[in-house]
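In this document, chain identifiers A, B, C and D correspond to the written order of the chains, with residue numbering beginning at 1 in each.
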Amino acid sequence: MADAAFTDVTHAPLDLGALIARVAGPDAGAIASFVGTVRNVHEGRAVTGIDYEAYEPMASLELARVANEAVARWPGVRVAISHRVGTLVVGDASVAIAVASARRAPALDAVRFVIETLKVRVPIWKREHYVDGTRAWVDPTASAHESAGA
Amino acid sequence: MADAAFTDVTHAPLDLGALIARVAGPDAGAIASFVGTVRNVHEGRAVTGIDYEAYEPMASLELARVANEAVARWPGVRVAISHRVGTLVVGDASVAIAVASARRAPALDAVRFVIETLKVRVPIWKREHYVDGTRAWVDPTASAHESAGA
Amino acid sequence: MAHVTVLLFASYADAFGTRTLEVPVRAPCTVAEVVDAMRSLPGGDRLPSEPLVAVNHVWSAPETLVQSTDEVAVIPPVAGG
Amino acid sequence: MAHVTVLLFASYADAFGTRTLEVPVRAPCTVAEVVDAMRSLPGGDRLPSEPLVAVNHVWSAPETLVQSTDEVAVIPPVAGG
């Protein structure tokens, strides 16, 4: 069993199993998790990949703050979050979250809180690569739809 | 990519990664999952293991019905569920659920629906083993608390 | 003697001491009639007022008709997950 | 000349053509004053009316005071996950 919160921003491929192993333990009856992956379409345009860029020192701190807020809000949960940066292709995981708790409700609630909160608070950006060779930064505030990430 | 719904009731150890691989695909931006594990305490009593018994033909059918209901309710999601039966020890996974969808909300919602629904509808029972050597069937309708499962 | 065979599991199998119980009732009859007939058998006092019943692997109401060829299961409170 | 160095990322780095921008404003000043001074620089027309700003890795309000030793970042709409 690890500390109540583990977070990292990494250039390496994500490993959900390793995050689950970090939060699992004999007192945990429930492990909820979430993986965001690069998908092949955004607002009708074919996407081939995404560059993820981070303001790394702040992204690491903010990710840890989000995890710690989840632990404060659902006492007893353990949270592990990894966010990948760099160039990803369709199917690659960009974010992985695992939450363990004694009971299922806090684990499910905390996973949702973490993904919703990190998307609005952690300074990470994505530039989509389209099949026609063009690239564009995703601006969630300018779009009625969401991006090809999760 | 597999069919929209995969379910099984198995005596073998569960493999969340295999379930995730079943639902993943280039059109999926989100994969939510849940694992229920045997935990070491129930209503203050130390638990060492749980026998899971199923009415297997009906449990398999009912699990498939739950998965198909999730797909009907959140069109486009893919759902994979495995429920283990037999004698499990603390830390073993008893149920694993993976849901993929283009966007995160349906995946998160459908995972919650599946775990909540299977717990009241799928004919599976558990007999807890206590550290003092006694065993007892869990009756969720007779208890203010939930059991040492998820 | 006419009977309906009922499948039992978990705590109900323990209560009645068997996993297949011959219940003295003539089919066709209702699910409620099967359950009522079980109450007079040894262990029948352990049944709740309205136990869960499945007929042919489908959850069924007390008024559901049971045929002699149906698979009937009287099911303890489920506790999967 | 007095200036505050601002870190830029993603679309803002593209807009200003740099990742570290020297903004002609004298610290201590407010976050709002830094942003206003950026608007007169090439690319400044691409800033929204109230861009996100972090001071020393903490989200900060327009009235937050910036010291010359602070790390200031003006941040495009975030899109992680």
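Simple rule for what comes next: a residue touches a chain if its C-beta (ideal position, glycine included) is under 8 Å from a C-beta of that chain, and two chains touch if they have at least 3 such contacts.
Since we're looking at a predicted model, the values are computed, not measured.
Q: How many hops, at fewest, get you from chain B to chain D via touching chains?
A: 2
Q: Just curious, how far off is chain D from chain A if you go by their C-alpha centres, in Å?
A: Roughly 26 Å, centre to centre.
Q: State, to the nearest whole Å, the distance from the C-alpha centre of chain A to the C-alpha centre of chain C.
A: Comparing mean C-alpha positions, chain C is 49 Å from chain A.
Q: Just how far, in Å, is the C-alpha centre of chain B from the one of chain A?
A: About 23 Å, centre to centre.
Q: Quick check on chain C: which residues sit in contact with 2+ other chains?
A: 81
Q: Provide the list of chain A residues touching at least two other chains, using ranges where the numbers run on.
A: Within chain A, residues 36, 104, 115, 149-150 contact more than one other chain.
Q: Strictly by the criterion at the top, what is the full list of touching chain pairs?
A: Pairwise, the chains that meet the contact rule are A-B, A-D, B-C.
Q: Would you mind writing out the residues of chain A in touch with chain D in their complex?
A: 36, 52-55, 57-59, 61-62, 83, 94-95, 115, 118-127, 137-142, 147, 149-150
Q: Give every residue of chain A touching chain B within the complex, in rising order.
A: Per the touch definition, chain A meets chain B at residues 16-17, 20, 24-41, 90-91, 102-104, 107-108, 111-112, 115, 146, 148-150.
Q: Looking at the complex, which residues from chain C come into contact with chain B?
A: Those in contact with chain B are residues 7, 9-11, 14, 48, 54, 57, 59, 73, 75-81.
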